[in-house]
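This is the structure I want to talk about, given as structure tokens.
So that you can tell them apart, the chains are marked A, B, C, D, E and F in the order they are listed, and the count of residues begins at 1 in each.
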Amino acid sequence: MIELLTIFVLAVFVGFEVVSKVSTILHTPLMSGANAIHGVILVGAILITGQADDTLTLVLGLLAVFLATVNVVGGFVVTDRMLEMFKGHKR
Amino acid sequence: MTWVQLAYLAAALCFILALKGLSTPRYARLGNLVGAAGMALAVVTSYTTIERNGLLILVAVVAGTAAGIPAARQVKMTAVPQMVALFNGVGGAAAALVALTEFLEGHDAGVLFAVATVLTVLIGSVSFSGSVVTFLKLQEVMTTRPVLLPAGQLLGIGVAVVSALLAIFVLVSDSNLLLVLLALAGLALGVLFVLPVGGADVPIAISLLNAFTGLAVAASGYVLGNTLLIVAGTLVGASGTILTRLMAQAMGRPLTNILFGAFKATPPSAVTDEQRTVRSGTVEDVAILLGYAHSVLVVPGYGLAVAQAQHAARELAQLLESRGISVDYGIHPVAGRMPGHMNVLLAEADVPYENLKELDDVNPGIGSVDVVLVVGANDVVNPGARDEPSSPIYGMPIFDVDRAKAVVFMKRSMRPGFAGVDNSLLYNPKTTLLFGDAKDSLTKLLAAVKQV
Amino acid sequence: MRVGIPAESRPAERRVAGLPETVASLIGAGLAVDVQSGAGAHAHASDAAYRSAGAEIVPDHPAGRADVVISVQPLDLEQAGRLREGDITVSFLQPANELDLVRILAERKVTAFSLDLLPRVTRAQGADALSSQALVSGYRAVLVAAQHLPRFLPMFTTAAGTVPPAKVLVLGAGVAGLQAIATARRLGAVVEAYDVRKAAAEEVRSLGAKFLELNLETQDGVYAAEQSETFLERQRELIAERVAASDIVISTAAVPGRRAPVLVTTDMLKAMAPGSVVVDLAAESGGNVVGSAPGEDVWVGEVLVHGVKNLPSSMPVHASRLYAKNVANLLHLMTEDGRVEPDLTDEVLGGACLTHAGEVRHAPTRELL
Amino acid sequence: MRVGIPAESRPAERRVAGLPETVASLIGAGLAVDVQSGAGAHAHASDAAYRSAGAEIVPDHPAGRADVVISVQPLDLEQAGRLREGDITVSFLQPANELDLVRILAERKVTAFSLDLLPRVTRAQGADALSSQALVSGYRAVLVAAQHLPRFLPMFTTAAGTVPPAKVLVLGAGVAGLQAIATARRLGAVVEAYDVRKAAAEEVRSLGAKFLELNLETQDGVYAAEQSETFLERQRELIAERVAASDIVISTAAVPGRRAPVLVTTDMLKAMAPGSVVVDLAAESGGNVVGSAPGEDVWVGEVLVHGVKNLPSSMPVHASRLYAKNVANLLHLMTEDGRVEPDLTDEVLGGACLTHAGEVRHAPTRELL
Amino acid sequence: MTWVQLAYLAAALCFILALKGLSTPRYARLGNLVGAAGMALAVVTSYTTIERNGLLILVAVVAGTAAGIPAARQVKMTAVPQMVALFNGVGGAAAALVALTEFLEGHDAGVLFAVATVLTVLIGSVSFSGSVVTFLKLQEVMTTRPVLLPAGQLLGIGVAVVSALLAIFVLVSDSNLLLVLLALAGLALGVLFVLPVGGADVPIAISLLNAFTGLAVAASGYVLGNTLLIVAGTLVGASGTILTRLMAQAMGRPLTNILFGAFKATPPSAVTDEQRTVRSGTVEDVAILLGYAHSVLVVPGYGLAVAQAQHAARELAQLLESRGISVDYGIHPVAGRMPGHMNVLLAEADVPYENLKELDDVNPGIGSVDVVLVVGANDVVNPGARDEPSSPIYGMPIFDVDRAKAVVFMKRSMRPGFAGVDNSLLYNPKTTLLFGDAKDSLTKLLAAVKQV
Amino acid sequence: MIELLTIFVLAVFVGFEVVSKVSTILHTPLMSGANAIHGVILVGAILITGQADDTLTLVLGLLAVFLATVNVVGGFVVTDRMLEMFKGHKR
């Protein structure tokens, strides 16, 4: 458990540090990319559905899988589209 | 330590790198791809470990993909924010569902597990309903103005208190029903949170909800004992929080305004003059506009002289030119307060004569100018002189900057210029106003452009 | 209709009211243009150049032959006497000094425009010869002062010691004054300026110079009016102090239609360092400096007072170019389909019109007559 | 020992070799100073000022009375005849033009220093009157040109049209040329310059002006020497082209001890726009411009060629100040305990010494005699 | 999850914050204190958990403190680097000892444990012996020049191979003796690693050894299963590595030169001219020098004109002034190539005349000027003109900038100025050289000062 | 074990990020501060000495404790001394 907490603390720092100097122009893509990343809940959804044995949990689980997939797939694709506009421009 | 765990660790690494990449223009796109790769790895890995329902899960994934891709593909660039809000919402819902399911399924672990579950469900629901309302606002299905319920403040506090109580009861009683009720309370809280947020603040609200979802995912990671979820969720939670603060700063709004919007009785002063709205931007907005322009026209006026901003203007122009952006100066015959006022100043600042353009050089091609920087000029760019025969300055030739792609107006106030006539260009939707002394603004702009 | 451009006949006038480029633009508007032979000599515009711009070169003054006569200086009485009813003349006519001429113009029912009367509104700026010629005067005034000053204007730190920058005081920050400020600053002088207009302070500072604050009420409005006695007292003190500290004084203060205010007295001049130079741009309208005379260099002790006379003429090419453009812009305002037909209800044209159909339209002049 | 400062007697010389401040510094070094009455008149230094600096005012030229005579222009033959053996004179003596004087100085065993011969080494910079007076000349040359030009130097965009900046060409980028470049640029002109010295290109650019590249071998060294024929050919072509495109040409090219090179021919002048102005700073040493004469304005077609004569004298206060400081610095170099005793083995003093103890020490002059 | 663990976590947090603080001038000192507090917490916590030998440990700690504090207190500021090296070395030794002891004590765990032990011992010994040699070098007990053993390259490779083999044998055989031998091999390796490093590179070597020690500590954390050691050690290892790279960059030396110094036959070209070394700094060094100055004197010369850097110079001066630093310009009578050259340029850049100071204004008070910025000047600040009667420029008055507290010299090369004479000021220990075009340097400096 | 590895990875990131933008003037103090921090091996030394039961390990352990203490104490003190020079200066 202390390890998980340590991981949490360290991850907070990494999250802070990594983002702290982003330029304004990247705010929206970064938000969208981060949004896609938290779609990793899909993993959780899969795991839980993969061991569901009654209908309720199965249904809930499948719903979670569906929603999480939308989050992941849509998130990455829409971020990529936004970032396309950086193409061709160089500093 | 199994290969599954190592794969998860690799995925977590990918996510860190993705966020790092997304923070620098040059690597942003690559970062996104790395993130997607990490995600694919994580999902495939998790799929290999499941016991049953493989096919159903596959179907759900395919269905989600089928729903997500076209939505993301076809959305117009202007509608991206609401799309992001929606994706965020479903993510939050998924997190809440996962925790709920795990809870229903039967729970062995102790308090920490229960706390994590409760947090996930609550935050997930808030994030979901908040995101949905945001989506509706941005999509203009409902009004974009702040919605102030009669007793919004009280209501908000009330629901928050109820949620807290419910959460405690869940922890104490372990009751499934209460957990579902908590989810409902969370939904209500999300709605109440977002309703009073006005147009310009919505993106900040989305970013905040995004961070919330990240936290929900991290909490669900505790529930499931999965380090990947913890790392990824925490990353998003932390970076999302910082990002929200940065966005609020960039827009010059105190974060508390948005955070506690629900608990405020007064409407935020964002939208005031309904018919003739002006858009006032931040230095960063303008910096980005400039940083990604191909051609810029600087139109100096008397305000440049008053601010003695000639050196700052030249510095900015040189910086832009060093990035391959073409910069010209539009010198109006009567800009300033004496003939040749601008010439004197710009010569002092060593602006090359070749860069000084006159009306006839500029106006024919002005439609292809990306950004016009109006630095302390006013009358000389007033479209009234061209379009309104009743105007006292009708007939004076002007720079047709309203035909350029974007206009940035640097002045200190909404006061008119020498001729004392109002300037409709200030209200043009193409125009961004940058209030303040021209020298100050240019100096800040210089610093901001360097960071783009 | 035919526009005539005479060679200027008044003494020491080296400008011309039209140049080949403006002639071409008038012809483009459907007019015919006569140019008196040699009109552009000082401005280095040859008869051939006018001819190839489409003008006809005529040997004599075009008055009486052309329908519109444009000139820098007003016509003399003889020339005006040749004008026909309905003829138009445009010149830099200062009615108070030319009452005889005004009488003749009115008698002969000539429509006379004076650029001296042109309203200073935004729309009329293209024709604002007061501004354009003041620009020339302000620039030249600094050159004249620098020429006469036995010192450097800029600062130099050299192996033979350091030369401090010259201190320049500009009195009156109208168009000429502002240009003088700008030019003196370009040459590296330390410049301060004074004016009674409220807006002048900001305008002076906008050129990087120092404005002398009187710390008394100042005046609004575009033109200066006359002042109260305490005000004048304080003004004199301040000016005396600053004049004494200056190497160059350039005075440009004027009140339209009135004698120029006297700002610099002999005592003040005597307090200046030997070798200092005063350039009085207002000399022709009475002088801001006691004892200055137009066109003359007067020594007051070891201080040189240069009274300016027709400074724009000393730079005929560009002065003419700006003036000719002003006149052409004014003519374009009243020309339609090749006919010059001024609409005197127009604020600009009405304001600049001195006589029309036998009537003197300018009220102050009417009173003087 | 006694230092004498005469009133300059050569025509049109308005400078003076000592001012009250340098007089004070000489007295501080233990010397006595005689000043001829009225010596500082043009430089606005009164007899009273000299007196209160500690000088004695004498009615006549101090030659024969003072041990050291310092002047701007060399003494005339009569004055030199009054000098006693061992007397010292310091002036701006160009030996090639003053052979008679040199003979007398040598005969009378006078120790004569010429600032024209001073080595241009770092240590001697404080006494380098060639530089200090060239500084004045370069500055004044631009004022003269601007004064004569019927156009503006700076660019102006006005309601009466746009005036383009004047184009100035500076030939020879020595001290005077560089200062002319700087001054013209200050006034807003577009400046280009040409010189044969290799280092000049960087120096010209260091003032923000354009250097004309000949794309041929250039010369090293501080002073220019004579050139090959192909070189001269290419140089002529380039100069012809740029002269034609200029509104003002300021020529300063000089080769020490030689006639100035002819750079601008009559044909080139004829290709210039009417009204252009050429200022020839080298007029006194033969002229860079064909037909220029010192002190005269010559019209070649519609182009004015102004041959310069003693330009520093037109700004006597500061020109004198710099010169007086140079001379004082030189005297300090040779003064010890109130005695002026030049050590001619010193590189600087030896180099500047023209005659000593009956001998002409300057080799080229010796040959000429 | 015990309170001990939580205390360790808190200590780890302190360390992160300490490093963060140490990276910004404003919080550096606070950061160090936070680190010390974290350390105290960790040590006290660990002390409460021990079974026996409490008193002995206390004695050892007191002895260590008694040895450490005076050493740290009394060391001269110039001798700090060797002190740091020494402290680093003893840390490495301690790590190696801990792992060794744990190994001797009997080892239950598997391969990973053994690997961690071997790494700790090896790296710890390398770090120890390397640091000691570094110390000796800096203390000038031995020569500071690179020591190149006859067959240094071969020897280095040989010892490295032997170490690797020993390590493998330890893993296979679990032999105590072999581990001790490994420690000895590590010591040899450390010596061989540092010997060929020359004077200027020594700090970089210290930094690298520092990172090594961090890694050793992290590895020992694995050995002991202690997260605090893992986190703290890793932090130091990672930040030390980055820092080493940054230092190498700042000094303009490729890191590989130092890393593989031992395996190179040719002497590194670092130290060449023994008597007359110049110190070339980075823009950041100078920016910090300026940012913390109270008074700055800019001495412009011909190079300013050549670079047309007058505008950039004024901008920098204005920036400094806006921070309350007094900035003057020292205008030498013969600076440039014509009389008044600097006046013309600075007037163009609108530098106020009041700020232009002459020799006599400047020299009397120059001793109290914190930083003199010599921008493209050379002869006019050459102390030879004052001190060396044999110099061709002897007698010319100069700015006595060598009497100021610090001098920054901006020029493009070591070439002399107009007079062609060498300038001893370039070799003055007070002088930092900033090579490059003056305009470039000033522009970069401007950006860098903004970040200080 | 995977948790420890995760912690290691995250700590590497934190270490990198935190230091990546340090200004040159702080290189030496930062190095010295980091140096003090790795003195945390003192904790390890204490723990191991605290359970030592034979003389060899005890001696080795105590030696480690002594050395680590020198590292810690000296490190922090010397860093603080270096940083004193920043005192009194404000931006």
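To be clear about the criterion, contacts are C-beta pairs under 8 Å (C-beta built on N, C-alpha and C of every residue); 3 or more make two chains touch, one makes a residue touch a chain.
By chain, UniProt protein names: A, C, D, F = proton-translocating NAD(P)(+) transhydrogenase; B, E = NAD(P) transhydrogenase subunit beta.
Everything numeric here is computed off the predicted structure, so don't read it as measured data.
Here the chain-to-chain distance from chain C to chain D, counted in touching steps, is 1.
Looking at chain B and chain F, the chains that touch each of them are A, E. When you average the Cα atoms of each chain and compare centres, the chain farthest from chain F turns out to be C. Summarising the inter-chain layout, the chain whose CA centre lies farthest from the centre of chain B is D. Interface comparison, A-E versus B-D: the higher number of contacting C-beta pairs is recorded for B-D. Chain B and chain E have centres, each the mean of its CA atoms, that are 41 Å apart. The centroid of the Cα atoms in chain A and the matching centroid in chain D are 79 Å apart.
Averaging Cα coordinates per chain places chain B and chain C 57 Å apart.
If each chain is reduced to the centroid of its CA atoms, chain A and chain B end up 18 Å from each other. Across the assembly, chain E contributes 16, 227, 231, 333-334, 339-340, 344, 347-348, 350 as residues in contact with two or more other chains. Contacts with at least two other chains are made by residues 1, 3-4, 6-7, 10-11, 13-14, 18, 21 of chain F. Under the contact definition stated at the top, the residues of chain C that touch 2 or more other chains are 125-126, 131-132, 135, 154, 156, 158-161, 163, 186, 188, 208. Shown here, the protein chains touch in an arrangement that is not a line, ring, star or fully connected set. By the contact rule set out at the top, the touching chain pairs are A-B, A-E, A-F, B-C, B-D, B-E, B-F, C-D, C-E, D-E, E-F.
Those residues of chain B whose C-beta lies close enough to touch chain D in the complex are 331-335, 339-340, 342-344, 347, 350, 353, 356, 358. On the chain C side of its complex with chain E, the touching residues are 154-163, 165, 188, 190, 208.
Residues of chain E that touch chain D in their complex: 302, 305-306, 308, 333-334, 336-341, 344-345, 347-348, 379, 385, 392-396, 418-419. Within the complex formed with chain D, the residues of chain C that make contact are 42-44, 46, 125-126, 128-129, 131-132, 135-136, 139, 143-144, 146-147, 149-152, 154, 156, 158-161, 163, 183, 186-188, 273-275, 302, 315-318, 321-323, 325-326, 329.
Touching chain A in their complex are the following residues of chain F: 3-4, 6-7, 10-11, 13-14, 17-18, 21.
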